[in-house]
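The structures considered in this document are given below.
Below are two complexes that have chain A in common, paired first with chain B and then with chain C.
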Partner chain A sequence: MQLITNIVVLASIYSLIACGYVLIYRVSRALNLAHGELMMLGAYLLLATASLFSGSAVLAIVAAVALSATTGVLVYVLLMRKMTGEMVLAAILTTVALGILVRGVLVLIWSSQQQYPAQALHVGNPTLAIGSAHVSAWSLVLVLLNAAVYGGLFIFLRYGRWGIRMRAAGQNALLAAQRGINLHRVYALAWALSTFTGAAAGMLIALDSGVTMSMPVIALKAFPAALVGGLDSLAGALLGGLIVASAEVLLIYYVDPLLSDVVPFVVLIAMLIVRPWGLFGTREELDRV
Partner chain B sequence: MLKKMLLAGFAASAIALPAAAQDAYTIGLTGALTGPPASTYAPAVDALRIYIDKVNAAGGVNGHKINLILEDDGAQPSKAAANAKKLISQDNVMLLLVASLSSTYAPAIAESKNANVPLLFAAVCPQSVYPPAEPLQFCTTGFASHYDSQATLDFVKSTAKGPVKMGFSAMAIPLSRGEIDYAEELSKKVGMTPVDKEVIPPATADYTPFATKLKDADPNWVFSWAPWVTQVRTLEAMRKLGWQGDYIAWGHLEAESELKRLNDSKFYTINSNAMFQDGLPIQKQIEEAAKAAKSKYPADTMAEGWIAGMVIEAALKSAGWPGSPEKLQAAMENLNVDLKGLRGGPIVWTKDNHFRTHLYYRVYHWDGSKIARVQDWKAYEVK
Partner chain C sequence: MFRAPPRASGYFRTDYGQDLKLIQTRAEWSALLAFTAILIATPFFASPFLLDLCSQVFLASIGALSLMLLTGYAGQISLGHAGLIAAGAFTTGILAREMNAPFWITLPASALTGIVLGLIFGLPSLRLRGLYLAVSTLALHFVVIYLGGEYETNRGFSTGILIDPPTLFRWKISGARVWYFILLAFAAGTLLACINLLRSRSGRAFRAIRARETVAEALGIGIAQYKLLAFVVSSAITSVAGCLFAYYRGFVSVEAFDLFLSIQYVAMIIVGGMGSLLGALLGAAFVTVFPYAIEGLVGLLPNAKVLAGDIFAVNYAAFGLVMILFLLLEPLGLVGIWRRVQNYFLLWPFKYRPLASARK
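The block that comes next holds the complex of A and B.
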């Protein structure tokens, strides 16, 4: 039972992060390699809002979430918009530079010491029993949020006006623009949603166990989950997260904990050999990558 | 006319800058100022910087200032190699310092050997500084592989009320893994039963899968010798799973503030540095210096860097002026630095021993309301 719980928690972490990669790729064909740093930024923004609104944890979390989404919009407006019409590679390299910049700024502001937003917010992290298994309260929140995010995105993309526009822009940007869809707004929305999901994952991990400068490496491990599922498929990201997390948790327990670092990439290589476009990815996306 | 003045100004500054550098002792450090394990190393480096600034403000050493060059390697061996090469070949440092993960040591050692420049480890001591020491390698850090495990297991043996089933936790880096492997073997020799060993990657999203395996092995004690993040997150994950045993870990820079946060009386830290709650005069001096320098790091994380600064100052003083790597190495081979209570005894270096002749360990825990000493300084002779 504990192993299943561990798999569900880790799969939720990877899926929530992978969701951000997919949202941006699906709409704009750009890989956001600063996603890990933006996720870490979310955790540090929570630390900042915690000191501003120390009396209200809810207010601090809401403010940090709003700031994260705004950051996503600003990244698009101030940086990625300039990349429109340029080579995809240029856009990807821009995100690499953005990641380095964010990391540097965070070290300058908060130093490299481990920080605990939960302590700053004066909120605990009690352990909850689910049958014979144990899970921390913030891990459970992360699992529930992951389910809510994927459920919400499904409804939004299928039935929402802006969701349909996002899908249209992703399928054929030129045609969508000709039909009057404002592509810049769609892309800005994708960046906002992507940064929100990544930052939410960062905040919840930080509330559970603190934040250090190693957080972007966690996002790097979630990237194979997105690729395994198919880089343009949200359902794929969900399943990819589950596959990678299952392999990782089971190998840690039954074989060797050291394998946990390489498991996501072994799974990825296996998938690239068998089905390079991922479980739910579309085949033509492979050429675009 | 203006052009001539500008040219003259450039020429004057071009001459003056190297002259100023030549008038100082130049030393250089490559360290993990950023990157995953930076919380363990960056405060020490900042403390060293503050100490050197203090020495310079007081007139320097032998009437000459110390020029400390800091390079960030982000705990990456490739960056450490580039930094070491730059510091030695471009900056002409007479002493190279390393304050980073053990995986960065090999390139720094190689550069030090090539250029015959002494190398001071200000983060974790490799066994090459133990007697008989490698001629160019020295270490001031509190960590001491093998001795730390010996002291820890001695403490556990004297504290445990019954048979000890020991679990181990390490980070997947060379020094941590090596030490935990050693501790596992040593535990068998002292009559304990090693039940599980978890070697955890540096960046891990969730420690629970590792903690689950460790808990299921049913240890009544767990020993972790790794960067702080691995030590403490393993403990927290095990507690979440309901494990109630005793946990002992190396007392890193963060230990003092973390003992209070964790509020766990069965969590012990084994330390070679005195905690700042002791209120020693030198600790007050460090607190004031950190405050004056507006350091981002708490003063209670600065003992390691301060000690490195004290040792460097003493070595440069003994080497005289003008300094050179050869003279500095000779001075370091005959050094005795009183640490004024920051540790249980002085740092003594000889030709064969570039570590220290005796090690001293204290054990602390949180007793429910404050940090309490569970064991006072216990000495171990370094052979």
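The block that comes next holds the complex of A and C.
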């Protein structure tokens, strides 16, 4: 029971982060390797707003979330907009460089020690019991948020005006632009949503167990989840998160705890050999990149 | 991507022998001799710090050249370069530690490891392209690092493997000056090998694959074979660099080979300029010297004491910033700047090349 709970929590973490990769990739065919750092930035922003609005935790969280989404838009407008149409490697490297820059700045501001936003916000983290399993309150919030985010995204992409525009831009950017869709706005929206979900995951992880400079590793491990499900499929990211998380939790439990850092990547390699476009991805993707 | 460097005079070659010569004119000969003389004279005047810096640059250039071969010429993206260096270093460390193997065994053994790993790293490239290939090499990097870490913890070297300096005919190879020359020789050898490989049939095949795979295949180039060849050659050289790294440092530990090292190597070829061996050298020098330059600059600031503890963070941020600036403003890298300066002086007092020769 505890094992299943662990799997569900880890799967939620992975899929919440993975949907950030998927959103950006699906819409603009760019891989954002700075996702982990942006997620960590979200956690630290929460720390900053916590000291700013020390009275109200809700206000602090809302402010931090809004700031993160704005960061996403800024990243697109200032940086990634200029990389459209460049080499794949150049675009990937820009995000990597952005990640390095963000990480360096964060260390400069907050030092590399572990920080606890939960303390700064004066909120506790009680452990809840579900049957025989135990789960911390913030992890439960994360699982629920994950469900809400995916539900929201499905509805938004299916019926929302901007959601339809995003799908159109992802399917064929040229035709979408011909139909009068403002591609830059769509891309900026994708970046905002992606950073928003990533930062939300980062904040909840930070509230649960504190934040250190090693947080981006979690996002890097969530990337295989996105790829296993198919880089352009949201449902795939959900399932991919579940697969990667179960593989990781079970192997750690039954084989060797040291495997934790490598299991997602082994799953990734296996997937790349068998079915590179992922479980739900479209096959043509591969020829396009 | 680049045109051949402009020559001020015309085209005077009359037979194939002249065309095959690497060094064509007397001016080039004298420039080369002067440069070699400076390189040979340096260790006798330089401070130990400068000597170490030069050695690091040479070491980095070997890795950067091999990555340039793979990414800049054959067009196969690799984010797993640090994993290959780690593989070479660990092969050396394990052989030297467990079996007391001498220099002349560990070096070929590292190259062999590189060849095998090159095949493994290269296999996904037969099926994957671009972004997916980058991701697969990234994943393999983590696997290699995991294996190295596993070895360290299981054998009780959790802080790292110490390696004795290599001996050759009872003569112990140690000392900064000796290493300077060894690394210089290896870097020069790698450069020469790369130059010659790139103007051979294989080199042309690499470039064709990079330009457009379908056309290359239609021209009768065995895509799979040459892609694997590029991976194998590149990772063999990289592993040798790893072996040299292990001996030079006298110490191997997984912490030295994190993802950041891979990124640094990719940064070298991007900052240097894609598709140019000179670019790899310039990039290697730039990226290696960069942290020391930043440290020096920070030391000049009035409130340097405040930042002293966070110097690595300053480095990190500055490195990211410089990479972004290069990618946005100077995609051709340092070589692009160098070519522009060269053109400026060659064409002076005019600004642009005549169209007819520009097309060539």
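Just so it is clear, the second predicted complex is superposed on the first by the 288 of 289 C-alpha atoms of A that agree within 3 Å, B and C clash if a C-alpha of one lies under 4 Å from a C-alpha of the other, contacts with A are read in each partner's own complex, and residues count from 1 in each chain.
What we mean here is this: contacts are C-beta pairs under 8 Å (C-beta built on N, C-alpha and C of every residue); 3 or more make two chains touch, one makes a residue touch a chain.
What you are looking at is a predicted structure, and each value in this text was computed from that prediction instead of being measured.
A.B. asks: After aligning the two structures on chain A, examine chain B and chain C and state clash or fit.
C.D. replies: After superposition on chain A, which the two structures share, chain B runs into chain C.
A.B. asks: Looking at A:258 after the superposition, I want to know if it touches chain B, chain C, both of them or none. Which is it: first, second, both, neither?
C.D. replies: After superposition on chain A, A:258 lies in contact with both partners, chain B and chain C.
A.B. asks: Based on the superposed arrangement, let me know which partner A:127 touches: chain B (first), chain C (second), both, or neither?
C.D. replies: The answer is first: A:127 touches chain B but not chain C.
A.B. asks: Considering only the touch criterion stated at the top, classify A:62 as touching first (chain B), second (chain C), both, or neither.
C.D. replies: neither
A.B. asks: Looking at the overlay, what does A:103 touch: chain B (first), chain C (second), both, or neither?
C.D. replies: In the superposition, A:103 touches chain B and chain C alike.
A.B. asks: Given the touch rule stated above, what does A:79 touch, chain B (first), chain C (second), both, or neither?
C.D. replies: Touch partner of A:79: chain C, not chain B.
A.B. asks: Based on the superposed arrangement, let me know which partner A:111 touches: chain B (first), chain C (second), both, or neither?
C.D. replies: In the superposition, A:111 touches chain B and chain C alike.
A.B. asks: So, does A:205 touch the first partner chain B, the second partner chain C, both, or neither?
C.D. replies: Touch partner of A:205: chain B, not chain C.
A.B. asks: Considering only touches as defined above, state whether A:248 meets chain B (first), chain C (second), both or neither.
C.D. replies: In the superposition, A:248 touches chain B alone.
A.B. asks: When the two structures are overlaid on chain A, which partner does A:155 contact: first (chain B), second (chain C), both, or neither?
C.D. replies: neither
A.B. asks: Which residues form the common part of the chain A surface touched by chain B and by chain C?
C.D. replies: 103-104, 107, 111-112, 258, 261
A.B. asks: Please output the residues of chain A touching chain C within their complex, sorted ascending.
C.D. replies: Chain A residues touching chain C: 31, 79, 82-83, 86-90, 92-94, 96-105, 107-108, 111-112, 220, 223-224, 227, 258-259, 261-262, 265-266, 268-269, 272-273, 276, 286-287, 289.
A.B. asks: For a test of understanding, state which residues of chain C touch chain A in their complex under the given definition.
C.D. replies: 71, 77, 79, 124, 127-132, 134-136, 138-140, 142-143, 146, 149-150, 153, 259-260, 263, 266-267, 270, 274, 310, 312-321, 323-324, 327-328, 331
A.B. asks: Considering the complex alone, what residue numbers of chain B touch chain A?
C.D. replies: So the residues of chain B touching chain A come out as 33-39, 42-43, 172, 198-210, 212-213, 228-229, 233, 236-237, 239-242, 254, 261, 296-297, 301.
A.B. asks: Along chain A, where are the residues that touch chain B in the complex?
C.D. replies: Touch list, chain A to chain B: 2-3, 6, 9-10, 13-14, 103-104, 107, 110-114, 116, 119, 127, 134-136, 139, 205, 209-210, 212-215, 217-218, 221-222, 248-249, 252-253, 257-258, 260-261.
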